[in-house]
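Labels run A, B and C following the written order; every chain starts at residue 1.
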């Protein structure tokens, strides 16, 4: 068995002078509460406060970062209990025996934090320690100290946003709010299932949308009214933001007549790929218009080719680690929306990308000009030490720090949330320390920026 | 009030051994005269030698790096005196109170240099010091020591190129040449207003072009002859280069008959977007052909989506910080021109990009093969510490140092010119120091390269 | 004369703590045998074991990295003995006098290794030492100690793969195998000349393909059968892999009827550019299908615009340093092939790129999911210290180390092979040392990974 211990200086640059500055900066932000303005935790955890299950069920099966890597090296998803029943102890053992695959990845860093800081384990995960891990974690999860609300408080989370679609009743959010528990859990409005004509079950979703809202969602005006109603309901349940996960960042600004005609083709079910793309594009602009009315902050997460693996999608469904980033244009794509709302000071549009070539070329110049634009943090595959450093190096010189919005953990892996924020804070402090060491920033300023990146900017940008 | 002092080691890498080498290299190049082969200073400054105005008028209002950032955070351009009259002291105060926005940006580095080295200010710019700054700078500007020619000499500028379009009379350049002043100010030929059919006022520009040259610029041969005449006139006024700011790097090599027919559509005003693109493309090849005759070095600055913000363009016009880089292809785009002139040893074509993904993929391989090609330095949004480092890291291994052309300050912010050259020299010396520290280059070689990058290459490539 | 001496710490990061770890890691892998699974050495060298010629003939004329740089600075290829006879001593002198052009390039690093480690030269190459170099090298080459087989053994090469096309008789490989010499030299199947309809001499190549295989290669089934036969023959001569150098990574999965009709157009000679592209695309999928049968590992090297310089191609032919990388898509391009074989555990497809923007965006996510995919090392223009660092920084966090395949030297410059592997091992150890120093990886794990990257992964991935 090999020892596992987190080093106090982990993730800081190696140079002693830089590291010393980073350590000082980090010391002032490490205990700030967590603002988690965008993520995918399950509100039922906080509503019902039931114990989590076993190690595999909590840490392995929902984590597509983990099972995609195992799958890439020949592990069958069924053996991990994904898309089939599997002995969770055996599934966990597969992870343990293949844990070397994660060397150099952020998953390894996040998990080691969870293992040591949440469960107090002091040996590394490998074949030899698989059962020790499985038992330690599973037994702990059965205790009250590891119930969701207790962990939420232990993690010092000031506020967390979940993500729901317009058809969600938000019953768990209601339960939380009515429970008297002090934890702040808010929702976010993610309408892809009723906005993307190519989403599975789109027609049925529209029918439910009508039912839920009392609007005729097969008419353009009724459909827009339904969105307005659900946005208002989401806002009442704490939402301060919307989110849009389209294949591209394309926006459109059709005339009302054109928009209505397009919608007619969409609901008629007789539409081309281009119609679907144009409809999504138009809906981003419509959502922006509604944001100007209701104040919800808008997020666009474009550029993922969802469900790239056709056979796996057929057998296992969505979100099985087969989403692949694509080249993404923002300059042409956003222009229709920006032509209408780009100069507004009362509208916030937060942009994300999976295409890092757009950081310095498109996103930083856009955010460094348009009043409505802000840049979301390094996203998904880039939510990692090197990815975050590239983000800062490629956006700061044109957009500055204050056109960015702090960190999003963007995760459904609840236990890893403090690890992810800790990683982001360490990397940002390391980046600032480099600027200080090279005399590109004064130390007192770096302290202010470190706090802004760790706490203030997320709170302000998301109105939390 | 917080102290402001430039550190002697600023912008050098933090590692002590690397920094020590960088300092040694820099010590040999820091006092070399400035070669400024491409920029946008106003020749009337040097012709008339009138005092500059106040702090806001000199340092804020012409600097789109500054006001675009302020605008992105909700400041109104009118409040800065852009597109409207404003109290310059109040405008300056807005900059001062928002100066934290520039943390981590090159503007901050350039301005701090100007504040300390040009004006001797020893406290940082912030709300509290806004008036002190405004008064100190404005009073200094009224003195003879801060007149353009005196600053030119104080800055140790050996030669500076401005940029004019073919309709410019170059009267200021004539005045300078006839004045007996020893400062060397040359022009450069930037024909976009009479080459780009989509430029504002293109038809009127052609009329003026005819008038000025005595050629019939509505005929293809007359139009080409007019260019030849104006190029000769510009060369007589010191020009050694031309410059072309097209949306793309596309070139074309049409037959004379096709070119003439295309020109007919262009001057007829009945042309498509593709016609306009093709005409610009053809004109790059025509300009290259003329360069083979008259020896002017050719520059292409492609890939900027000009005036992206439609409303701002309508209200405030060009150059208001709303130009956004686009993905740019060079491999296909340059082939027609390179097929004609690529192997010439008597022709120099200097390429720039706003799309850093082209550095290692396209530009370095092209420049590392074609005799006519050289790479311009990191441009515009990338004219920054991190941007320059990326440029060197991504071009050197394929194109070497000697297919690059040293530094361009490319600025209209006259007072920042020494700051920009100083920054470039420091970053280049830091890069070379890393190569030396990793034993990828010997120290004596690094000295030679440092001098080449700071002085020799620009002078040679631009024939200055 | 300036001294030439390789530093023991060359190519390690400058920070003392990181360097110390890198040195330790490197110490354990520096003497591992060389696995060279993909390259372009000439099998006749090892078959005939004749002495190499003179310095220019061995080191300059076949090395397009060298002559492309010289050409870019105005040297004529004819003066180097390329496409014309030239005095080799004079050609060598041109290299010597221009050797400063290679400062900061990997060619300089490789050559300095060859000069010192192979030939024992202790002064730098420059004009003054040109003759000393020429004589020293040329005299050494005439001795038995510098014959190909002796160098092969001295270089500690465990196995090397050459690359041949299906029309090659592999007689040299046969000679090697029958010679009793213990050196392991295998071939690889690179069918571009009979797969790419736009390859020079394609129609004639098909005729030879028929002749050689006894199949009717003008019929679709005969053509496929011919490939199967030659693949089997290549495998019998040691091949474990195929390689495909297409302009793009496009794959297709046509129905048998469509494929046959397309092939009819291709062999009929009446095909469009799109037909040619589609045929190459279909053939990648056909090759993958054959790999599932015969177990050959498949490699795709896409994205090079071959022979970009039209005049040079006309006068000097292929491979004259005028191949330029292009933007390359993988996400859409590979989907047809991956839809058929992506989930196979018995098939290995190794991807290369010249478009580094695809590393983090496309290639690492694809390889981190699909069981069949692995990532080849930094290729061609990116086979360099900075290029390799970018590769590791941009792929590891998503794909890990174990979805990569170690190093390929990919060279025809036989003497530089140990230098290239040494460079790769040093850079990888430096990267791992950074991870260790930042506590992102434990030292004992870094040792395991260093060995995997230097030896194990290449051997396993290529089944050598």
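Methods note: contacts are C-beta pairs under 8 Å (C-beta built on N, C-alpha and C of every residue); 3 or more make two chains touch, one makes a residue touch a chain.
Since we're looking at a predicted model, the values are computed, not measured.
Enquirer: Once you draw an edge for every pair of touching chains, what topology comes out, line, ring, star, complete or other?
Expert: If you draw each chain as a dot and join those that touch, every dot ends up joined to every other.
Enquirer: By how many degrees does subunit B turn when fitted onto subunit C using C-alpha atoms, rounded in steps of 5?
Expert: So the copies are related by a turn of 120 degrees.
Enquirer: With chain centres taken as the means of their Cα atoms, state the distance from subunit A to subunit C in Å.
Expert: 40
Enquirer: Check each residue of subunit C and list the ones that touch at least two other chains.
Expert: 15, 357, in rising order.
Enquirer: Residue numbers of subunit C touching subunit A in their complex, please.
Expert: 15, 17-18, 329, 331-332, 335, 338-339, 342-343, 345, 357, 360-362, 364-371, 373, 393-394, 396-403, 434-435, 437-442, 444-445, 448-449
Enquirer: For the complex, give me every residue of subunit A touching subunit C.
Expert: Within the complex, subunit A contacts subunit C at residues 2, 6-7, 9-16, 68-69, 71-74, 100-106, 108-109, 124, 305, 308-312, 321-327, 354-357, 381-382, 384-387.
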